[in-house]
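Each of the next two complexes has chain A plus one other chain: chain B in the first, chain C in the second.
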Partner chain A sequence: MGELRHRSGETLKASFRVLRDQPGIGIGLSVVVLMLLAGFFLPLPYSPTRPDPLNVLQPPSSLHWFGTDSNGFDVFSRTIASAARDLPLALIGTLLSALVGVPLGLLASTKGPWSERIMRGLDVFQSFPLVVLAIAIVTLMGNRLENVIIAILIVNVPRFMRLVRSEALSLRESRFIEAARAVGATPLRVMRKHMFPNVIGVVLSQTSLAAAQAIGIIAALSFLGVGVSPPNPSWGLMIQTGVRSITSGDWWVIVFPGMAVLIAVAAFNLVADGLQMRQENER
Partner chain B sequence: MPLLTVEGLTKSFPRTGRGTVHAVNDVSLEIDRGETLALIGESGSGKSTIGRLILRLIEPDAGTIKIDGTDLLTLSNSELRAMRAKMQVVFQEPYESLNPKMRVGDIVAEPLEIHEPSLSRADLRDRVRATLEEVGLNADQAERLPRGLSGGQQQRVGIARALITRPALVVLDEPTSSLDLSVQAQILEILHDLQETHGLSYLYISHDLSTVSYLAHRVAVLYLGQIREQGPLEAVVQNPQDPYTQALLAAFLDSDVSVSPSRLRMLSGEIPDPTQLPEGCFLYGRCPLRMDKCRSDPSVLRVLGSKHYGRCIRAPLNDDDWNIVADSNRTVGDRPG
Partner chain C sequence: MSLFKLVGKRLLLIPVSLFILVSLSFLLLELMPGNPAITIAGDFASDEEIAKIEASLGLNDPLGARYLSYVGSVVRGDLGRSFFSNEPVLAELSERLPATMELVILALIVAGIVGLFLGVLGAYYRGRKVDQITRGTVTLFQSIPDFLMALLLIFFLFYLWSVAPAPVGRLGFSDVAVDTTTGFLLIDTLIAGDVNAFFVAGQHLFLPVLALGIVYAAYFGKTARSTMAIALDSTQVEFARACGLPERKVVYYAFLQARTPILTYGAILFGALIGGAAIIETIFSWPGVGNWALSAILSLDIPVIQGFILAAGFVTITLFLLLDVLIVLLDPRVRF
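Entry: the complex of A and B
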């Protein structure tokens, strides 16, 4: 028990050291957490789902901080409220992709006829532009929120599989894996105790990279009218509304949700960069 | 009955596009309890492959491997895994052979977790500590990561991992070749002491004759995946009966090996391509003593003395033979006798 406590203390210390050496990880994570907290808990001045038809296309003012759009929605309230929808969607989609892709990638790294078959199947699949494929599939399957997650899976699972497979293939040749087999570890134990801890680092950085992309995919999908449907708030949806107004010079409708997407993507990329740097320093 | 009996071990690897590499060719050997057999040979002679074949880390094409009378090649995967408690390995690269994400204590504990799963946490920790101390490590180094240790300490961890299940046979695959000289000596001493205390049998794979003469009881000389000569350390080193052994010893003249200088002749040419094995005696193309018979007669190990075997059909080679051949072969650039 004492040893356990001692160890968790050490882990904590190690995490602090990582955060000090790679401040990007901490900054990026805090930004994401702040956006999530704001999205869920910040009291909003106006309802993000009920428009005010009398106040259409108001420029930013003390009443409407980010102005209003052509339907009379308050841009500030909608930009904040979107974080509570777009970010969780992106995170869930990415985590599910990792959860499916990592074991499949490990499996595809084993010797055997059908690991080769999985990879060739993946080649065929990936020869399509995946984002386009995802949009096409979601459009065909219908306009539901779960389908947005499926789109993220379609784009990201193959990437996780390839990444984990190539890492695992080079690990499999390494001496310590041979040593583990030599002491009598079962294939499952080799995977769990020796392969997994050595691929988790790259998986984590790929996860935050994928999350950044998922934000983009969600925005693209709702921009095209797939996924989040109005009047529910989503950055992509807001940008789409803003496109119609920008020709008349009403810039605020598109700029604020656009900035939100930018900040979210940048935050995830910061985390990914930091994690990757840490990986490289360890080698 | 010897602890390890290997018979007719053969392994070849396909080389993409260009035939098959005949890495190990019909190797037979035995190791008694508490005995060290050294496998020596140049790099590429198949030494490490033999070590891995004996541990069934790679599958042989043909042959039998018996430990304590159990034929390893007939075992199922789970039976083989259970057997691994009795046969262990220490690799050449100390750092690469340790999982960089695992603490030293966990690395050393792993074999016990696998083979004695009923052990309590406290017993496990005690065994790990005792084993670490036995190889000259500090018990509180168990908390470190391999990265934080020196090369010599890392190799001690490798040895501790190999020893904790009290194996009967340990394959030592050039365990000291990547270490500094002073550290080498310490590691060899530990290996020697551990053998004395636990009656371990070693298959000691090396190309360094000075370490071989410290650790080995018997020596097998490998050339092109084939044993050229095998026998007690003194017999092979003082009285080598194969031109290849003699040439190999010549390369170690400056070490502490003492052989009559008239026996040390260099071979001509390079090791042949292992995709095309020579006919008859493998050494024919390079041997200063060759005769037509060497090509036509089958190349087999013959008894040369007490437990001393060799392939050269001209054995016993005595100094006079050598001088005659040396005189007739002497050309410009030959080393003066």
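Entry: the complex of A and C
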């Protein structure tokens, strides 16, 4: 019991050390949490789903902080409300991808002709343009929100598999795996107890990177009108509304949701970058 | 000797890859739900009308028969006709592919130059202030969705400062097109000797190329930084320094070591951008393949989607063959 408490204290201290050495991780994570909290709990000045047709394309003012778009939607309310939809979607999609991809990647690292063949199959799959693939999946499976998550899964699972497999392949040759096998550990135990803890670092940074990408994919999808239906707020959809008015100079319709996407993606990229640097420094 | 062997082996693999590609493009769309007949007929069509369209599309034939006839016509060079425009897919593809290629090649050149500059600089000064700045820049570039970058560039460079033309395609509305020989406007205008048209085409390329170039520079920057950092830590570099070579030479030698992974990455990006530039093409009304595939996907225009998959796959396969040859030529380590 005493030993257990000691160890959890150590991990806490280690986490603090990581946060101090790589401030990007902490900054990125707090930005994401803040955006989520704002999206769910911040009281909005206007309804994000009901437009005001009398106030169309108003520039930012004290009444409409971020202005209004060509339908009369309040850009501020919609930018904030979108966080409650786009971010959870990206997070769920990415976490599920890791959950499926990591065990599959570990399994595919076993020696044999099959793992080679599976990886070649994935190569073909991955050479297909990402966004087009995602759009095709969502369009053909039905224009629903769940299918966006499936699209993110299909895009990301092969990446997690490849990453984990390549890490696992080099781990397999190391002494401690050999030792574990020598004392009679089953392949499953080797994977769970000895390989998984050693790949978790790269998996974490890849998860963060994939989350950043997922936000981009969701924005691209809703920009094209795929996956979300119009009155619902989504950053990509908001930017799409602004395309028509950007050539006449109404910048606010695009810039505010655009900044939101940028900040969310940058936050996840910062976390990924910090985690990767930590890995590099440890080696 | 070994180069010929490698190329020969790769060339033998091409028909096999193409066959897999054709089968995949057929199966992928067969297995997906969604009835194109309903899409064509519209939501209010009667069952009879839908049945008629289904029959005319050959959707009622057994799967095997449809597969054989599809492969047969692809081998004969017939990719079918679009369900909606009724234009032959191959003709439209040969018109649109060069427009995309021109865009993508120029964008990758810009991305390569910017990315390599940032990456090599970061790797050389790794762990110091310069590294932090270049890494920050790369992260920023990477965080901007390409379509947002395009729209911001349109706002600043077209609307505010009017240094770039409106996003209306490869040429302005009032410009006369020149005869098509290669499909690459920059080359065609020079062949036609029309310097004015050459500059107009260049101006219209400016914004989309810049938007894609900046965003994808991030990917080059990341790869360049990590491979150069490894190369600069290698014993060869240490030896080169010990020999008293000037720093420029040392960095050059390190770059020689790092260039193969960077090239590979460039090839992967090229393949991805054939369709990945779709949204940029839409924004700039660019008559390319990505744009075309996108609208085909949204309207379930199956022959067009299949044509696009074949084209993108074919370009990727050819590209990787060229890459393999290039790497063998550049990196003697691969040969042994």
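The definition used in the following text is that the second predicted complex is superposed on the first by the 283 of 283 C-alpha atoms of A that agree within 3 Å, B and C clash if a C-alpha of one lies under 4 Å from a C-alpha of the other, contacts with A are read in each partner's own complex, and residues count from 1 in each chain.
Following the convention adopted for this analysis, contacts are C-beta pairs under 8 Å (C-beta built on N, C-alpha and C of every residue); 3 or more make two chains touch, one makes a residue touch a chain.
These numbers come from a predicted model, not from an experiment.
For the composite obtained by overlaying on chain A, chain B and chain C can both be accommodated side by side without a clash. Of the two partner chains, chain C is the only one touched by A:T247; chain B is not. Of the two partner chains placed around the shared chain by superposition, neither chain B nor chain C is touched by A:T49. Chain A has more of its residues touched by C than by the other of chain B and chain C. Once chain A of one complex is fitted onto chain A of the other, the partner contacts of A:A180 are limited to chain B, with no touch recorded for chain C. When the two complexes are overlaid on their common chain A, residue A:F223 makes contact with chain C while staying clear of chain B. In the superposition on chain A, A:L140 makes contact with chain C only, while chain B stays out of contact range.
Across the overlaid complexes, the C-alpha centre of chain A sees chain B and chain C at an angle of 90°, to the nearest 10.
Superposition on chain A leaves chain B and chain C with their closest Cα atoms 11 Å from each other. Across the interface of their complex, chain A is touched by residues 20, 24, 32-34, 135, 139-140, 142-145, 147-148, 151-152, 154-155, 158-160, 166-167, 268, 271-276, 278-279, 282-283, 290, 293-294, 297-298, 300, 305, 309, 312-313, 316 of chain C.
For chain B in complex with chain A, the residues that touch the partner chain are 55, 57, 81-85, 88-89, 91, 93, 96-102, 110-111, 114-115, 143, 158, 161, 165. Those residues of chain A that touch chain B in the complex are listed here as 10, 174-176, 178-186, 189, 193-194, 197-198, 282. Touching chain C in their complex are the following residues of chain A: 124, 127-132, 135-136, 139-142, 212, 216, 219-220, 223-224, 226, 239, 242-243, 246-249, 251, 254-255, 258, 261-262, 265-266, 269-270, 273.
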